[in-house]
Amino acid sequence: MTPKNQNNPSTLSIRNLTIEYQAKRGAVQAVRSIDLEIYRSEALALIGESGSGKTTIGLGIVRLLPSTAKIRTGEMIFRRYNKTDYKLEEEFDVLKLNEREMRQFRWKECAMVFQAALNAFNPVLKIKDQFGDTARAHGYLQGEALKKRAYELFDLVRLDPERVWNSYPHELSGGMRQRVLIALGLLLDPPMLILDEPTTALDILTQRNIMDVLKELRDKLRFSLVFISHDLSLAAELADRIATVYAGRIVELGNVYDTFQNPRHPYTIGLMSAVPTLTTHRDNVSSIPGSPPDLIDMPTGCKFHPRCPLAVEKCVREEPALVPTTGPDHLAACWRWMEAKQFLMPNVK
Amino acid sequence: MSENSKTKPWSERILKNYAVQTIFKKIFIIWVVVTLSFLIVRGLPGNPVEIMVLNLMDSQGISEDEARTRAASLLRLDLDAPLYVQYFDFLGNLVQGDLGESYVLARGKPVTEIVFQRLPWTLFSVGTSLLISFTVGMFLGMLAAYRRGSMLDQVLTNLSAMIGAVPNTLWAIILVLLLGVVWKIMPLNLMRGSLSPGIKPGFTLEFFVDLFKHWAVPGTVYVLTTLGGWMLAMRSSTVSVLGDDYVTVARARGLPDFRIITAYVGRNASLPLVTALAISIGFLLGGSTVIEFIFVYQGVGLLMSQAITKRDYPVMQGILLVTTITVIISTAIADLLYGWLDPRIRTSGGENAE
Amino acid sequence: MTPPLIELKHLTRRFQVKRNLSITAVSDVSLSISAGEIVCLVGESGCGKTTTGKMIAGLLKPSEGEILFNGQDISHLKKDEWEKYRLGVQMIHQDPYASLNPSHTIYDIVSAPLKAHRKTGSDAATRAAAIELLESVDLTPASDFLDKFPHQLSGGQRQRVSVARALTVNPKFIIADEAVSMVDVSIRISLLNTLLKLKEKNGLAVLFITHDLALAKYFAWDGRVGVMYLGKLVEVAPARQLVEAPQHPYTKVLLSAIPEADPERTRHKERIELRSMDVPSLLRLPSGCAFHPRCPYFAGEKCEKVIPQLTFFNDDSAVACHPVAEKRLLQIRN
Amino acid sequence: METISHKLGAIWRETLKTLKLIARNKIGLLGFVMLIGLILMSYLGPLVIAPEVRADVSQIYKPPSWEHPLGTDFQGRENWVMLVHGGAEVITVAFLAGLLTTMIAVVVGAFSAFLGGKADEVIMTFTDLWLALPRGILLIVTAYFVSLEDVWALALFLSFFGWPSLARQVRSQFLSLKKREYVEAAQLLNLGTPHIVFREMMPNMMSYILIALIESMTGAIYSQTYLVFLGLVPFGNNWGVLFSLAYAKNAIYNPNAMASLLVPMGGIVALQLSLIMFSRSLEEIFNPRLRTGV
């Protein structure tokens, strides 16, 4: 089920990406020299709390950061493969594209479905016109052919095509709009799809529906999915790999089963025990002490050390790098990853 | 539920209809203005009718009784009847389109005729200027919003606010001074009147060129005094739309900038301005009085100031009424325009509220 | 037997949407809460849980039905008694960024009710009381916070200030409306634990309004959970029992839809499919049981025609569903 | 007693803070200084400088020179003396009209928002009606019939026509503030209506009201100018009257007379500009996003 990383080439290689926001008090270090591979047709979840930098990574990939943000360093190598024989067709650095090339890259190579899908559509244009706009911008199908393609997609996301096609956004419910947006995201058959908190504002049943749609789509269409959320359970259900983000860095990265069974970073462990589930016993739930760091004036060494029960003197002094732990595919940025689980989750096997 | 609504009496259903309600509202406004204008002539303590009688005696050398009869016929009222009878007579005449006759400005000429003769000139000058300042203001406002915080934005917003703050009277004089007296760019007679002598209205090039030449300076005053308001309104509206999610999503979809600026940002940002447009028409028509006075532009504004100085009450009443109707018609057009631009208004009868 | 602290009897609230169009946001809700008890109200957005909370807090007047406080109908209270009731029921709002006045310091916020109700005499006493209150909600050291403005605090800290403000008037009952949903996940639990601690210490009853069943189970571990759907209370039961053995089809569907933070379990969880995804509009509620067009256990005409009443069973749980009620009554009889 | 001094203290603190903030914006500071300058000139100047009463036929329409720093008018009076004496009336009318307009608007808007229901509906229908009238023409027609003989009458008259759109805005502001959760919390804590209105709502409304006040003032100056020009406001020797007299006496075609047009005009323009500049900086100061960023 999980694609093997070794023989699965990457769609996007992010290297040493650093993004800062300009604020009055100083530079907000939103993303700090991140390295990340996004493999072909895998689902990668970026999890972390608000302000951890996960959304900034997403926006950085499609270069839609607000004007106060600056990409300081890094490269993002995007690889496009032939859809039938998976041969590498093209390879380029997203950060080096000019405005026109960037416009073509967006949505065609990488579509991003945003957090607040409720307002993702222009309120004065019909859904069909917004599909038309997108298609025209990329020299894609028009007229009846476009309609046929859109109807297929609406079927995929379990919407009534007849009703949706001729509607204005305000005539659709939140869950429907979210699914229309997913359908629109798939219009150009992009090799990569980024979903930023795609179900946050939605009801549980609608959320379930969208999760099911997403799982189905992924099995059918095999695109790379980057899934940004603060909700561990969504990641558990949808992702192949999980990257935990804290204070602008990836602190743990690994296969979803491995991460949930053998978490290596105290922050991941903290998150897991901070969110009660239907089955956990009350006594196994505990919050992480302290509060997320100030991204302008960050602590020294490991940024998690003020909240970490395992912190030692070294953690205050030196920031650990993201290194392999139990296997080459399970990485963590913690000096004490070996003891973490044993100390923090003593009553879990 | 649906059967229930079917069994409701048709009269009730019509009264609940949105369009019918709107029309009633508009008729009500006209009625308020009509009553007001009646009260002004008949009900105010200054007793304008007595002044009118004195005026007639004075100018035409007739006896008081004759003057009273004359005034009554000009106003189409029986001055001796109880006030409410006069009021209903007045309303009755009005419904037949009879606003009485002018007695000073154009003796014996029906007021309707005089006002309608002047109205096209004002509508042309005010309308053209409004169109220009609205379009240019929207354009500059969007420009400033896109470049917000930049030097250009600073200059545009500060400058336009300041230009708009100078009263139109002053602008009119400043322009006459600068163009006609100091720089001598424009002959003063071109700034006076609405057409050069000898040019007849018609579909000739000569006429249109002259029309615009005479419009140029008063038109500039209208534009200068209103442009800033449009610009600032469009700027703030655009800034808020630019922060909306659908604009970011449109960029993520790789849409060309032009399409985003027009159909996504422009159309949504201009929505609140359409309502403001409706309100501004009422003010501009009023503002035309002083501008037309300065430029001797032959429109209703000038007629108004003449009627005021000459105390021609029927004409004053007529102008008040006709401008009210004009304003109401333009607001109705703006309402329609708004509905056409914003589908959420159009389908508000639906039950999609979540 | 002493009457429950708060008792809702057939509480209904309608809102006028347009001139002759109204929606029933809360319909015929009956529920009682004893002193020191925790009750969670769970449901999706628009199900009427917040409206219910606001009616209890006295911010909205019920259209029908009554709210009893210690056995007395609050709409018949005299002015001073009403004020006493008002102070006895406090509310913690959802949005920590909107619930504190941005132009006041934390001291201003906490001291205003203390001064208004003459709880403390001198300024020094007020200050001491404010410090004590802030410390009771785990804002330590309190003196660090007194002179700060809300915008200098994190979301979690602000919510603690909200709790401290509510405590100034010694309430008997606190309504927490989605009080932790906008707070960072890592500190939600500690905020809830503070509330639990206060409940133990001051004997507070808490009505916790949330859309998160897992959180409801955690918080109301020894209390009860009520599930609302389209303005109606469809099931009430002790928290753990409700999650582990749900009765009402809607509760079952909800529980089966919630993803779990365990890839193994969540991917193999049994899902109950709804008959329809569309949530009916409150403007056009389905006849009979409001859930029947979507209900996977739909059982024919009765569900379509007759509105099911909330029926209590001897295990302290209640459910508003025809098939379930019939089955359980049968079981009880046998 | 204690609460009054407390309130005064709060107002004083707020004022000091505002003054400091004004100084941060250059344009606003310039506007503020200009405004103070104009006020000082117009109210203190007449105490020091005797008014021009003589009419000197030999000195009619003299251009500016050492002898006549700002030239003379159609009666040979010194323009600079007229400038000093002509400001008070304009500023008083602007201030009174602005204050009255804002007061009416705040009272109407706040009442409408607080009462809600039927009362709100009636008040707002009336306001909309007012908005739909061609107020420009109505202003002129009624100004003719109503005798505007002093500053109070004029100010009252202008505010009578100026309040509706502001009232609408105040209402929606109040409605949104009323729904703020901290206001709801204050209700729950039974802090009393005075506390809720003056301590919870007003501080967050003040900035808005202040800016509206300045906007109403500039609006009043604007309307005042053209009513004076049309000869509908017959009193006084203020800037507006001076300027329209100069216009009526053909100053526009006489290059030597230009000063008597430009000087009162300059007074009005400077007043308008100072207000506008000042208000633009107020907007910036009170912008919540900029404020919380402090």
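For reference, chains read A, B, C and D in written order, and residue numbers begin at 1 within each chain.
Note that a residue touches a chain if its C-beta (ideal position, glycine included) is under 8 Å from a C-beta of that chain, and two chains touch if they have at least 3 such contacts.
Not measured: the values here are computed from a predicted model.
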For chain A and chain D, which third chains touch each of them? B, C
Comparing the two chain pairs, does A-C have more C-beta contacts than C-D, or is it the other way round? A-C
How many angstrom lie between the CA centroids of chain C and chain D, rounded to a whole number? 50
Rounded to the nearest Å, the gap between Cα centres of chain B and chain C is 55
With centres defined as the mean C-alpha position, give me the chain A-chain C separation in Å. 33
Euclidean distance of C-alpha centroids - chain B vs chain D, Å: 25
Send over the residues of chain B in touch with two or more other chains. 352, 354
Interface with chain B, chain A side, in the complex: residues 62, 64, 103-108, 111-112, 114, 116-126, 133-134, 137-138, 168, 170-171, 173-174, 181, 184
Note: in the complex, chain A contacts chain C through residues 49-50, 158, 173, 175, 203-209, 211-212, 230-234, 236-237, 256-257, 260, 270-272, 274-280, 282, 285-289, 291-292
Listed in rising order, chain C residues that touch chain A in their complex are 44-45, 154, 156-157, 184-191, 193, 211, 213-215, 217-218, 221, 243, 253-255, 257-267, 271, 274, 277-279
Name, in rising order, each residue of chain C that touches chain D in their complex. 57-59, 83, 86-87, 89-91, 93-95, 98-104, 112-113, 116-117, 151, 162, 165-166, 168-169
So in the complex, the part of chain D that touches chain B is made up of which residues? 27, 129, 131-142, 144-145, 147, 165, 218, 221-222, 225-226, 229-232, 243, 247, 252-253, 255, 258, 261, 265, 268-269, 272-273, 275-277, 280
